[in-house]
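Take a look at these structures.
Shared chain: subunit A. Partners: subunit B in the first complex, subunit C in the second.
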Partner chain A sequence: MRRLADSLRGLVHPLAALAAGLAAGAVAVIVVGGSVGETYAEMWKGAFGSFYYLTNTLARSTPIMLIGLGVALAFRAGFFNLGAEGQLLFGALAAAVAALYLPAPPALAMIAALVAGIIAGGAWSLLAGWLDVRFRLNLLVSTLLLNYIAIYVCSYFVSFPLKDTSGSAAINQTNMIDRAVWLPKLFKGMSVHAGFVLAAAAAVLLFLVLRHTVAGYHLRMHGSNPLFALYGGVRRGRLMAWTMLASGGFAGLAGAVEVLGTQYRYIDNALTAPGYAWSGIMAALLANSHPLGTAAAALLLAALQTGGMGVERNTEVPLEIASVIQAAIILFISARFTRALLKRRKARAADGTAA
Partner chain B sequence: MLLQMEKITKLYGDVAANAGVDFTLEEGEVHALVGENGAGKTTLMRILYGEETPTSGTIRLRGKELVLRSPEDAIRAGIGMVHQHFMLFPSFTVAENIVIGREPRSGILFDRKKAAEEAARLSAEYGMPVDPHRRIADCPVGIQQRVEILKVLYQGADIIILDEPSAVLTPPEVKELLAAIRGLARRGKSFILITHKLQEVMDVSDRITVLRDGRVVATVRAADTNVDELSRLMVGRELVPLEKRPARPGDPVLEVEGLTVRGGRGKAKPLLDGVTFTVRAGEIVGVAGVSGNGQTELVEAIAGLRRIDAGRIRLCGRDVTGADARDLRRHGLAHIPEDRYRWGSAKEESVADNAAMGHTDSAKRSGFLLRGRLRRMAEAWIAGFKIKAESPAVKAGSLSGGNLQKLIAARELAHGSPLVIAAEPTRGVDIGAMEIIHAGLLKRRDEGGAILLVSSELTEILKLSDRILVLYEGRIAGEFRADEATEEAIGRLMAGVTDHAEHAVSAGRAGRSDGADLAASRG
Partner chain C sequence: MERNHAMKRTSMLVLMAVLIVSLLAACGGGNNGKGGAAGTSGSEGTNAGADADAGGGAEGPKKRIALVLPEKIGVNAFFTQMVDGLNQAAEDFGVEVKTIESTDPAALEQNLRAAVADGYDLIITSSFTAVDALTKVAAENPDRPFAIIDQAFDAPNVRSIEFREHEAAFLLGAAAGLVTKTNTVGAVVAMDIPLLGKYTSGFEQGLRYTNPDANFLVSYVGSFTDPAKAKELALVQYEQGADFIAGMSAVSDNGIFEAAKEKGFLTSGQDVDRTVEDPEHIILSQLKETDTVVYETVKDFAQGRFTFGTVHYGLAENGVGLTFVTAESPSPVPGVLGQEKIEQLKKIRDDIVSGVITVVNPLEQQ
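And now, the complex of A and B:
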């Protein structure tokens, strides 16, 4: 009974944030002179109105979900990894390169491309972790700044050495990946692909790992009270390395499935413009870093985005309204985020005593 | 009658922290309030100080009903409180701290001279000598407490609540404090004293009220009772006297040699200075000292939680200098930490998760936790240590301090490890929990465990230890066998008095103390 009450209480905050966001969105709709009812109806239709739109939403949620899971993992361990964007890009680029240039049978090439994505994203994330352990460089700062390096390095690669010179030269992109290496679609003619199944499975897997393995236990305890974990014999450096590797690996996998399942090549700006990385971070925050909750939040955020497109197609209200609602939700959950940050700062200050 | 609290009830949800409590205070009286943790002492005093509003009940001051909505109201009514943790500004002077909030002014400026005069006047009037111009940071703890009391007097308090006032004081400072309380009481001030230390209660109080489970069990005159009766009333049953057999020390388990930890940047004085000692299997070595003389650093250094600057540490014959907590635990360390919230637990996680820390190696199969086994382990400790927890699934933070402490002690003692470090194992816990933890430590000793007990509670040290070291300003100031130790002798070393011949280290141990000095100069 109490447990049920506890888990219900856990839902209160996200639901309240959602309601407040929708209310703020309603105000924005009224200000631009639209009808609130019509707008939200179109939004619903755009997200879930037909099987096509539903699968569209699922497809869009796929990278958000994977990124969100990686972020949630790092947050649960108490590491503020905000470098999902860079990890996503390197994962995507590595997957594209592997899919394009690895001389292997298609099925193998696909798996190799996914693995390459995981490794590339993980390695980029691990670098930030290493900088923290080795030079005490604040992880939050390093992960944020490494994003910029990743964005421009990847941009360079598709603009020069890897650029597709066969077609129109207007877009910086790699060559198209062979059709046989693409991730299979789940339904014929629909955009949702096997990456969604991977993401959903990853959510369940992560939930089980956190709850039932020794590593997951140590990770949770470190996130809850780093000094307690240290006292109990958890090694921070090792934990940080594995956590950052896995966290970045999720983002890298997100990049890989986007390339292999949706875009079939690496296109400059195609992964940064929709803000997948930041939506993923938001999903983790909304769900308080619970893996299954993060998956649900990713679906919600994707629905807000596809719904927003529906609003733009069918009403006079601009696409920005969905962004307003999203922004309002961030605002309402930020109270908790700040608290978590402060806790970490305190713990770090205390960390100075530790060997 | 100066103060009457009648039928005070305070409910938190369904739980009654106070249930129909009657409490009175006469003018010039010292009235002690005792009880186990969670008995409702703090709640009652928070109500009197305006920090909580009672669910029902009335407070009368000199016969007039009083409604207290905030500490401001209480101060205006002449009720002052000295908290267990001092609320002073270390970089301000004594006088500035005393007048804070009600500063004398000349025009719009703070009149510093007047403040110093006021402080000096109060100090003289109440016979509590302080130097108004001294900075708080330079004052010993005993003086800081005096400043706290003067501050409350300056605010015009007639009723002064003292919350655990002697917790951080050396024995001579405690004597001075008790004398000061009696002196002020003679001048008509009234005191409510919250404390765990029953001997102090007997020494200073006129009347004693015992609370248990939110109710008044008895209000008695100090002259008509004794410590044993008070303990019985507090706990609600007969206390079993602790049975302590003579120790049979075996091989050295922990050998610390020349351990030195330097202070932070710009601090010339090391926090630990060439500390050398040995703890053998089957004995409890107590480290006495006033808090802040290096105990925290000593424990953290041995437990692998703090870098050391010089010295060697051996555990079970193996050199573990510089090893981290993981290796130390593997090689036979268990550790009840000084601060149960900072090191000892994760408040937001479940009791079961908190219980599992350090035990995962024995409860896993190919990387997976055997949650069932861990849960049964936690349930066994909950039963064995009489921990009040609804189930292992509740958050550790929902446990009272004493119950969480019992959980930590149970977890660490369950390892059956060669060495147990017990740092302030019963700080802030009630008599019942203390009994259980003490019995657990003694049991471990009789099984052949080596126990390093670090405590600022002298009675605890004297009760459990087979040998006693006194730590003063980061050095070992002296060593006693349990049978030759007296409270007075240890108290003097704790206060830094070393010039008495009878407290010099006895001839047999002179060599060791020289060794410590040598190691210090080496470091």
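And now, the complex of A and C:
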């Protein structure tokens, strides 16, 4: 009973934040001379208005959710993995290469491509972890900088050795993956694909692992108090290796499902332009690294984006204003979380119990 | 409510009448406008009035046309022109239009699907970046018409609109051959890909036509968006003696223009009239009239003459051109060019249109 009341009370703040964000967005709409009611109606319709739009939102949320889960996992363990973008790209590229060149029956090739994506993303992330353990290279800095290497290395591969030279060849991209290897769409003619099921399952799985396994306990313990964890026998290097591998693996999987389920090839810039990685990190931050919360936050962020597209399509309010509204809402929601975090810190400092 | 509906209908009828009258008037006045002159197939002039009657007058609800762009319009004149053409067509043919910008390839696909779901009667998109998305969406909706601008596309329900850029490039090359004093002419090109061969090859053919022994330098930037590198390449060509360096590298052209200003050589732009930015150095612009093309596409659709397959726009249709030669420019005619050379170029333009000069399309050669 107390729990229910707690979670209900927990809802008050995000809803208030949402309202404040919408109010701030309304100001922007009024400034450009749009109708507030119409804009928000279109935003809602664009995100959830019909089954078709709902599936659009789910499709958009898929990579954000997977990335967010990986980031949440690392954050939970106290590792600031900001390298989701690079891990995403390597995962996507590896999946594309495996799907294109692996001589295997289609179903097998698809699974191999997914696994290749997980391994590539995980390995890139593991590299940062290894640099930290071996050379004391600050993880936050290394993961952030490894992003740039990944972006340009992948860009090189699709601009030269792997480039699709058929047709106009004006875009740097790989050849198109054979239709049989594509991840199936969940509904005919809709953009949501099997990757969403994977992402949703991963959220539940991660939730269970963190809560009910010894490894999950070690991880959370290290995140809450690394010194205590070390004293208790947790080996930091090993924990970091596995955590980073898994964290990058999620991002790599996100890249793989985006390639196999939506774009059917690796296109230069196609995964960086929408800012999936940063949306994923934002989802983890908004949800305070709770796996199920991260999934929900990913849905919200995706809904804001698809809703923004709806606004762009059906009103005279330009796309930029839709972005302003999104940013305002995110800002207010994250403000609530930071406040809660501060409060908790203060409480912890006062009576010494961990939340 | 009822009254509102009735009013809407009356005003719609009035609007139709006005449109038809203005169309007829435009036909009577001759095809002066940019839009009016460009035709896709045989029926021109007097036919158009009758077609407008049949197409525009009979329909009850307005036809709805969506232009789904692969990126944000921003300051990209290639796209702003399309929007202008679309809006002009909406006014002239009484159709409802909507421009939809996309942020990335995934968003483009979702926007195309949404445009299908929203029931637009015709969906126009553009550029090579839209190929993947359109391939999927057009195949899934075989009974819906689509059009794609500036890109070859093969599907039974898609009209693909291509430009004969090589014809305009020929004119530009011919102009370069006329103005060069060092007898060395350069071109800084975005990427070494077959598509851009239309520019370099056409340019070289034109150069040879007016100046058979001119030296022709070509450099590739390797990017559509790297002005810094393009500037360096232009400077190298300048050092090698080029006094006219054509920009063929999209956004990277800005670097070439900067180099031209510093070193004082001549240059030219692409797609839209860039001469207005620095008439002293940017003396010409090879034009791609995306507004005409969108206008004509909507016109065909509104008048029930929309066909699938490939439609080409060249010099004859005013789909491509060159400043001062095929189109007016607010900039003064550059001194080095002079009226005499422009007349010469106009003659070349007419010869290309009438077939006296054949410009080889490198893409069709193989």
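Here is the rule we use: the second predicted complex is superposed on the first by the 312 of 355 C-alpha atoms of A that agree within 3 Å, B and C clash if a C-alpha of one lies under 4 Å from a C-alpha of the other, contacts with A are read in each partner's own complex, and residues count from 1 in each chain.
Following the convention adopted for this analysis, a residue touches a chain if its C-beta (ideal position, glycine included) is under 8 Å from a C-beta of that chain, and two chains touch if they have at least 3 such contacts.
Being a predicted model, the structure only gives us computed values, none of them experimental.
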Partner chain(s) touched by A:212 [first = subunit B, second = subunit C, both, neither]: first
Contact breadth on subunit A, by residue count: subunit C or subunit B: C
Subunit B versus subunit C as contact partner of A:179, first or second or both or neither: neither
First, second, both or neither for A:170, with subunit B first and subunit C second: second
Which superposed partner A:134 touches (first subunit B, second subunit C, both, neither): neither
Subunit B versus subunit C as contact partner of A:234, first or second or both or neither: first
Subunit A contact footprint on subunit B (complex, rising order): 300, 303-307, 322, 324-326, 328-330, 335, 337, 342-349, 353, 356-358, 360, 364, 367-369, 371, 390, 393
Subunit A residues touching subunit C - in the complex, by the definition given at the top: 46, 50, 52-53, 56, 59-60, 167-171, 176, 189, 191, 258, 262-265, 267, 269-270, 273-274, 305-306, 309-310, 312-314, 318-319
Sites on subunit C touched by subunit A in the complex: 72, 98, 100-107, 109-111, 113-115, 117-118, 128-129, 131-132, 140-141, 151-152, 191, 193-195
For the subunit A and subunit B complex, residues of the former touching the latter: 2-3, 212-215, 217-218, 220-221, 224-225, 227-235, 350, 353-355
